[in-house]
Every structure is written in structure tokens, then in C-alpha cells.
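We just call them A, B, C and D in the order they show up, numbering each chain from 1.
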Amino acid sequence: MKGGLTRQEVAKRAAQELRGGMYVNLGMGIPTLVTRCVPAGLTVFLQSEHGILGLGPPPPPGGEDPDFVDASRMPVTVIPGASLFSSAESFAMIRGRHLDMTILGAYQVSARGDLANWMIPERGVGSIGGAMDLVYGARRVVVTMEHVTKDGKPRVVERCSYPLTGRECVDLIVTDLAVIEVGSDGLVLKEVAPGVTPQEVQAETGAKLTVSPELREIRV
Amino acid sequence: MKGGLTRQEVAKRAAQELRGGMYVNLGMGIPTLVTRCVPAGLTVFLQSEHGILGLGPPPPPGGEDPDFVDASRMPVTVIPGASLFSSAESFAMIRGRHLDMTILGAYQVSARGDLANWMIPERGVGSIGGAMDLVYGARRVVVTMEHVTKDGKPRVVERCSYPLTGRECVDLIVTDLAVIEVGSDGLVLKEVAPGVTPQEVQAETGAKLTVSPELREIRV
Amino acid sequence: MVNKCYPSADAAVRDIGDGATIMFGGFGFCGIPERLIDALARRGVKNLTGMSNNCGLGGRGVDILVRNRQIRKMVATFPAQREPTPFEEQYLAGQVELELVPQGTFAERIRAGGAGVGGFYTRTGVGTPLAEGKERRVIAGVEYVLELPLRADFALIHAYRGDRYGNLIYRGTARNFGPEMATAADVTIAEVEELVEVGELNPEAVITPGIYVDRIVAVGKAS
Amino acid sequence: MVNKCYPSADAAVRDIGDGATIMFGGFGFCGIPERLIDALARRGVKNLTGMSNNCGLGGRGVDILVRNRQIRKMVATFPAQREPTPFEEQYLAGQVELELVPQGTFAERIRAGGAGVGGFYTRTGVGTPLAEGKERRVIAGVEYVLELPLRADFALIHAYRGDRYGNLIYRGTARNFGPEMATAADVTIAEVEELVEVGELNPEAVITPGIYVDRIVAVGKAS
């Protein structure tokens, strides 16, 4: 099997889900890379759960301001037309279903769209942050992740073995190998990475995939 | 029996409950008169439930601004150090027990401190406004009212016959005839208007009063 | 380009139909969306459920819709004024319905509607007729009643300044219910006294972030 | 004259004793009340219950108190960082307790604590281990869990500017949990970068009204 997409390419594919005028929260990991993949000319309002609507690009070197950071604690700017607010106001925005979309990282996604992304049981402690709020708060939940773990185990599984972040909440899975939609009848394979066959994707997946009649290659 | 206090004097007596630095909400009717009775040199922060902390005096004639009104829709100003906020934030402040005191008007107060101040049943419709929030929200509830109705019926009663605003919520009653404390064992007559005897107050009251050993005359 | 501006109040309310549920900002005469209400009166839609602190008076605000017989029901905290209003007359004649709500509960229910809160416990109303039929619950020794969120099809609000992204600031006590109502309707329509360029509003002082506002109309200062 | 100013961080925290429950503002390194935490470290009080988004890292913020073994329990949303922290080590060794809370639930529980809300229903956490032992309830076809308010003896927060009445404004993402924490403690202590004259803050843009702040200390800009 060919290599599949790079992390940057996964972010680029996820960015194709953005539409002009959308309000979107980006999680840690691959999703933060999406910031730089927004198609030119598209106005998208990025929300950061600790109190920004209208996250801008990172500041130029030397322009960092410790009072302006993103949820991963990296320096950011805000765009013209941004607004700042408290955490409670931010989560009222998230939980009130005002965001069009969130793009999150994941450890596992199940066939019915359950998401596990906050705790590896072996570590004995995990961090939730805003993920549990976002999975039910955002109108659409897109997950980006590596298709398999470092030791080759599927991350798309029949049932999550890791503690859940949310139940039946994922709409779309974007991995280095495939784009999979979580439908009411299970997982639908919509796109495959260049050089990768549906059979190869199925072999790396722990749940049954239905191949979409419109299956196509991922273009990034 | 002598005449008892004027409305202005009732407000003045109620104002004696104010202490420096207090945060206080004033209801409609007699309580609005309290604004002008704050002792000189005392900083008291007046709250208005539709979004002001730091209500100032009325503007000079011609200085009215339709965007700055009090809860009775009269023009107001704000003091230096004031803040403005939304209704939900204002009632979070009220309901979270941050106000030291509220001074409210009333139709009836019962022996155990029940308050009725929002509806005269005969009218068939009443207005609650912020009263039901204030009676449980403010740490201390002071009621100002005429001691009896226009047709001479007691307003301080054994049980309220009007619909309640709150149960066991009143701490102090200031009327044109007396100052009555709502104690755990019932009503305690603390002060009488000049020229009025405890017996005369009791005769105009629908519940039993215990005369305080420190009974004194109201001084305004 | 993201542009939520509408050319007129009439254009902004054009899809509000009979039977709609509408939140109206404002407290007394302060901060009422007068131009949007005028447009709604011109549209003549009927059987509206209104949510507003007052039910209007003096031929202004919701009172216009009440006089026009466009209102079927009001959810309000202060329907009765000193002198009887058209709303009070229609209510006593059984022509309009009223759900009376304490003002803090009204504000908090609207916030809950916008913030995804399924319900909340409050002390307000305990022991009064307004708690009748509501679930009561003792938590940590204190008695509460359960209150449920309020949402509407449309929220009509008035703000001081806004930009085409929908960011808003208010002025004085005209802020009142606007910020929460903006969050609790499927479609929020804001009339603003002044439309400013994107970037002119200080991000630290924006009260209503644009995400909550769907349509914005510049109406100038009220006369 | 109303004056809530304290001469130093040490003076402002002087009555915080062993076993106190304390909210700490801040998100990562942003908006943490560093000078107040330093003063608390100097006081050496023990068995503290802390409420904070993180549990500190890199020898800053709550991490100082953790390393000093002053913390008995944390209520937090993001205790585990990429690399193990002193808190994680103490937790895995059974030396500190942890109540893990989703971030939105954490913020909303603090708001509830300050706003007199006895409890609220939220979808967040439904179907996850964090809903175990919590009351579940279906309202209008949606499943919720009941969450209860959080309150503390003290809230320590960092703000940008403040006046002697306790009015505060924040800067950028340093605002985070400060505004709600200020409402939910018996005693709220704010360190501010700059103390300004009463009247200098725009009333329309004050984020924390002075009513919520008991003590204020000017600490200058963090180095």
C-alpha cells in the first residue's frame, strides 16, 4: 500500500469542509494545521474556546503578546471584527449550538460515531478541555487522525475501547488513508488517498465500511 | 392618633438602613424616594435591575438621555465608577445574593415575613418585574409601605390574602406608623412614629406585635 | 464577503409569518426595536407569540402589534402598567394569552435557550402562585423550582452600533435583554443606530459577537 | 470612602488558611494570578482545594503550590499536559485528588455558583464516564445530566486594569475564567496590572462590576 496523506494534507482535506461565513472551532493536533489551509478569499470565523471569535494567524516573530494565545497556548492574533469574551460566555456559545463545525483530533471513532479523544487508559489521567462540550455543541463534528495507531491497530473501530468523549457525535472522519462519513446505517467510505484501494482501507479499519457509489480519490 | 410619617419621611427612615459601601436595589414607589435620602458623605452603590450598578441622580432638566432610565422609566445618570450590563447579568448579580439589601414597596407583609407586592387579585392581572428575584436574592429585604390600605385595612397581617411574591423573605417593615422587625418568633415593634403609641400601631395591624424592650420613636 | 446587512427593516422581517414566536428586546421604551416592530406592523402578520419584558404602552413597541390584533400570546414580566393598556384589556377580555414570568427567570430562561442549558433550578418564585405546576426540588437544604429554556423563531433587538459581521454594542440601559435574546432565536435581527466598518468596534468591548446576529439594519438614531 | 485596595499580594491573602477552597483564574500561562499565588506559596498554607482549568506546569501558577505540597485536591479540566507534571505524578501516587470536569461544565458550574442557580441540565458528558453517578434526564427528547454549582472560599484572579471600587477589565485571552470566578467566591481577590482612578473605566466596557471584587492589588505588568 502507498503511503497515504501527510498530516498537512489531512489538514488540507479537512479544510475543504469549510464554507464562507462559517463559525468553526479547531481542536489541538492536526486541526490546528487547518488554520493555514483556509482557501484564499474565504472568510471563516475561527473560535477558540477560552474566549476568541475571530482567531487570526500567528504574529510575526517578536510580535508575540502573552495575553493573546490559542487553546494550545501558542501566540495568536485576532482579525478585524473579532470579539473577546469569558470562558463561560464562550461555552454558552459552544453548547448553545451556534458553531457550524468543529474539527477535532481523536484516538478512536466507532461505527456509530462515538468519539474517544481525551484519555489513554494506560496513562491513568487524561485532559478533557473543551472536547466534551464541542462534540454536542457544534452542528457538525469532523475528526482528523491517523488511520491506525503507531503499532498498526485501527482507530476506526466497531466500539471504542477508550473512554468516550461523546456518543454518536462524529459526522465525518478524515485520515491519512480515507474520508469516511458516519451515516445512519454505519460508515460510508467516500474518498480514498491516492494509490490506496478501498480494500486496503477496509483492512486497516476495525468496522465495516460501505463503499460509496461516488467513491473518489482525495484531492488536496 | 397623630398623622404618622409622610412618604418622604418613610423613605428617610428606610435610608437609615444604608451603610457605606453597600450595594442596594430600590424598588418602585416609596423606595425610589430613598435615592435622594442617602446621607451626605456615604457612598452607596444603587443597582437597577435592567442593567446599572452605580445609579446616579436624575439629570438636570434638558439633560435627559432616553438610553439612561431607571426601572420606573425615569431619566437617570450614572456615577463615576458605574458599570452597565445586560438583564441576565443583572439578575445573576441579584439571584447570586450579591446585593446587600433591597428596599421594596408592598401590598401586604405577613407575621412570618411573607411578601405580597405584585398583584391585586381584583384587577385580574399583575406585574412582577424583578421583585420575586430580589426577595430571595438580596441579603436583606426592607419593605416600605403605608401601614393600612386606603380603606383602613391592615397591610401587616397574619397571613397574606394577596398572591405572594416570596415566602419568609422580609427582614424589616418601615411604614408611616412604625418600624417592625420580622424576627424568628414573629413581629417585633422597634420604633413608632412621633405621637403614635404601640397600642395604636397594634390596633392598625393584623398580626400580633411584640414590643421591643428598646422601643423608641422614629427619628428622621 | 460576509455581509449580514439588509437594506431596510421591511426587507429584514420579510419572512416572518403568521404564528411566529418572536422575542422583542427593550425595557419600557428603552432599547425597543421600534423600526423592526413598525415593519412587522406593516406586514400585518397575525397570531404572533411575543416574548418581551413589557407588553408595550403608549402606542409604542409591542403596543402597536397589540392594538393591531397581531398578538395571540405574550410571555412577559411586567404586562400591567399603572393605567390599563390595550394588552390588559384584551387579556381581561380573553382575547390574548399571557405567561407571566419573574424578570430574572425570564432573562435566565432566555440565556438558557441560547446556551444549550436544558433546564435550571432557581429559588425565584418558590412559595408563590408562579411555582404551581413546576417541579420543586431541595438542593443542599434550599428549595428551588425547575425552569425551562425559552427560544423563539426570531429575535428583534435594538443596538447602538454594529458591523456587517453582526458584532454589536449597546448604549446605557438600552442593552437590557438584547444580548441574551440574540442568542436564543433561530434568526436574530438587529436594528442599529449606526453601522460601522469591520474592525472599528473594540474586540474587548463587543457585547454581542457577530455569530449571534443573522441580519442587521441601520435605522439611525430614534427621533 | 470605598477603597478595596490592599498594599501587597501578601496582605491580600493573609487570611487564607489551611484547608481553604480557592478558585484560580487562568488558562495555561494566560491570565494566571501569579503574584497572588506567589504570596500563597510564601504563606505556606496546606490542604488547599484548588479549582482551575489546568493544574499548573513549568514552575508557574498552581504548579508552584503543587510542588510545595500545598494542594490536597484539584477540580480541573486539563490536568494532564503532553509531558507529565508534578500534579500528574502526585495524582498517580495517590497524594492528591482530582475532580475532572469538562471545560464548559466547569465554566458554567462556576457561573451557577455565582448566579444563584441551584443546578442545571447539560448535554455535555452524556454517554461518557463523566456522567456516571450523575442524574440523567430527558427534556424535550434530549438527554441531559444534572450539574451542580461550584463555589469557593476565595477566588484569585488576574485582570488588566481595575479601580478602587473593584471594577475590572481584562486583556485578550487573559480574561478566561476571571469574570465568572469573581462571582462565585466568598472573597474575591484581584491582582491588576494597573490601578486607575474611579471613573476612568468606561462603564459600558467594564467586564467585572466592583460588587464582585473584595480586594484589589496593583502588581504591575508580569515580567
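Convention: contacts are C-beta pairs under 8 Å (C-beta built on N, C-alpha and C of every residue); 3 or more make two chains touch, one makes a residue touch a chain.
Please read all numbers here as calculations on a predicted model, not as lab measurements.
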{"item": "Interchain contact steps from chain A to chain C (minimum; 1 if touching)", "value": "1"}
{"item": "Result of counting contacting C-beta pairs for A-D and B-D, higher pair", "value": "A-D"}
{"item": "Chain centre separation in whole Å, for chain D relative to chain B (CA means)", "value": "36"}
{"item": "Chain A and chain D, separation of their C-alpha mean positions in angstrom", "value": "29"}
{"item": "Chain A and chain B, separation of their C-alpha mean positions in angstrom", "value": "56"}
{"item": "Centre-of-Cα separation between chain D and chain C, whole angstrom", "value": "33"}
{"item": "Junction residues of chain C, two or more chains touched", "value": "108, 111, 115-117, 122-123, 171-172, 204"}
{"item": "In chain A, residues with contacts to at least two other chains", "value": "84-85, 91-92, 94-95, 136-137"}
{"item": "Touch-based graph of the chains, sorted into line, ring, star, complete or other", "value": "other"}
{"item": "Chain-chain contacts as defined at top", "value": "A-C, A-D, B-C, B-D, C-D"}
{"item": "In the complex with chain D, residue positions of chain C that touch it", "value": "108, 112, 115-123, 137, 139-140, 142, 144, 148, 169-172, 202, 204-205"}
{"item": "Sites on chain C touched by chain B in the complex", "value": "27-31, 53, 77-81, 88, 91-92, 98, 100-108, 110-111, 122-130, 160, 171-180, 207, 222"}
{"item": "Residue ranges of chain D touching chain B (in the complex, touch as defined)", "value": "1-2, 111, 113-117, 163, 165, 167, 183, 198-199, 201, 203-204, 206, 209-212"}
{"item": "Partner chain D, residues of chain A touching it in the complex", "value": "48-52, 65-69, 73, 84-88, 90-92, 94-95, 114, 123-133, 136-137, 163-168"}
{"item": "Chain B residues within the chain D interface of the complex", "value": "20-21, 23, 43, 45, 47, 53-54, 78, 80-85, 91-99, 136-137"}
